[in-house]
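Every chain is named by a letter (A, B, C and D) in the order it is written, and numbering of its residues begins at 1.
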Amino acid sequence: MLQIETSHEEKYALIVLKGEVDASNSVELDEAINGMVEDQNTHMLIDATDLNYISSAGLGVFMSYLEDFQEKSIRFVIFGLNDKVLHVFHILGLDQLIKLKPDKVAALQELYEA
Amino acid sequence: MLQIETSHEEKYALIVLKGEVDASNSVELDEAINGMVEDQNTHMLIDATDLNYISSAGLGVFMSYLEDFQEKSIRFVIFGLNDKVLHVFHILGLDQLIKLKPDKVAALQELYEA
Amino acid sequence: MKHRLTLYCDKSQLADLRNFLSGVLKDKPISDTTKFEVILAVEEVCANLIIHSHGCNSKDKITLQVQEIDDKLIFEIKDSGKSFNLLEYQAPLLGDVIREKRKGGLGIMLVKKIMDKIEFESNGKDNTCRLIKIMDSK
Amino acid sequence: MKHRLTLYCDKSQLADLRNFLSGVLKDKPISDTTKFEVILAVEEVCANLIIHSHGCNSKDKITLQVQEIDDKLIFEIKDSGKSFNLLEYQAPLLGDVIREKRKGGLGIMLVKKIMDKIEFESNGKDNTCRLIKIMDSK
């Protein structure tokens, strides 16, 4: 089960993920991010505090936006990943390519630094 | 002028950059990183505290290792970038793809987290 | 002891697969992280079978059997679709994954990084993929 | 006031170019970051001319002229090698840069992000590239 809440805060777009992302629902994650990109958001946060699982289908969704993020100068940070979910990013070395932060404070700092 | 010092600490490889990286000397940077990769280092730090300038030739060197870093599970962090040099990474959005940390403590933490 | 599960080829089955595997692995002497990893790897292979070999045709079935032999956990996944040998599959470059924006292509990489050994056999009709994890390996 | 510099086509000249530009920009009413950016962009174009158009042949020369007109800083770079119109150049995808491990391909991207306007002219013999920065733009 995956639950996705999206909202537009004053200075950034926020997507809250709850539950599990796998091949059966990664398209929902994709649509949420795509919507945020189409709305011309330049600062995007993903709250993964309540994300309990992610398979390669979910990782692939994030990876598929790296090109757009760079072209459109979109800053993108995922925060709150639990140890196991974080570990999946680590196995593939994707934590080197996608910004992961422990909590929202650190994520916002990353979003607006320099 | 670019000065490069490399050393093998107990748990990571360190490359200290001093001066300016441009098209005339980026090959030296490339050789230093390549050497560290060939020595099978899995944790690499770049100390950029005294790096005053970087042009696209230098950025390109870093980018050219992302594939190797991922394939070989090498963790790679650059720290100590001054505001101007950091800004160059930002202009191209490369700060999203290459780990940049303010100082050595934060860099080591990043290198060994989870 | 052996544990068996039959999945029909629908992506909704993946959550059930995870539940099943959590139960099976519950008392195994491996860390929670290793359990998590192993569940992920088995799911990746099953998801590929469901999606790529069987086009999500829910009339098709795949079976999973989990066995503990000595220090090994063996996950045997059988199907009878067109055979796909993931040992022969060459993982894409990271740059390709990014460039093609293809929202996939990371699954087999994960399986290979997680498992200690992978075996594949096909008799032209039935395919068997065996994923092996050594229990004190990590 | 105009400032001029002649560079011979050797990469060692890039450091001199930066020194020259720092001097020229010293008292201009733009932030230090903008100065840094603008120096970088001019260097990128000159480096490309030196490397790609003139194969680092130190007998070849390129000239740079810097001018302030109204609120614009204009950097005019002239050479007489084979003409290269960076306006027509299509920047590569990030994934390609990563995949090809080519240690380059980011220079023109930087120039385009930094400058407010770029002009290019060639009469078949001499090429002129004009990089324009509006002084209160950033």
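Throughout what follows, a residue touches a chain if its C-beta (ideal position, glycine included) is under 8 Å from a C-beta of that chain, and two chains touch if they have at least 3 such contacts.
All values reported here derive from a predicted model rather than from experimental measurement.
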| item | value |
| --- | --- |
| Neighbouring chains common to chain A and chain B, by label | C, D |
| Reference chain A; chain at largest CA-centroid distance | D |
| Of A-C and A-D, pair with higher C-beta contact tally | A-C |
| Where chain A and chain D are represented by their mean Cα positions, the distance between them in whole Å | 37 |
| Averaged-CA centre spacing for the pair chain D and chain B, given as whole angstrom | 25 |
| Inter-centroid spacing, chain D versus chain C (mean Cα positions, whole Å) | 53 |
| Chain C residues counted as touching two or more neighbouring chains | 93-95, 97-99 |
| Where chain B touches two or more other chains, by residue | 66-67, 70, 83, 87, 92, 97 |
| Category of the chain touch graph - line, ring, star, complete, other | complete |
| In the complex with chain C, residue positions of chain B that touch it | 66-67, 70-71 |
| Touching residues (chain side chain B, partner chain A) in the complex | 66, 69-70, 73-76, 83, 86-87, 90, 92-94, 96-99, 114 |
| Residues of chain D defined as touching chain B within the complex | 11-12, 14-15, 18, 32-33, 36-37, 40, 43-44, 47, 50-51, 94, 97-99, 101-107, 109-110, 113-114 |
| In the complex, chain C residues that touch chain D | 93-100 |
| Residues on chain D engaged by chain A in the complex (per definition of touch) | 93-95 |
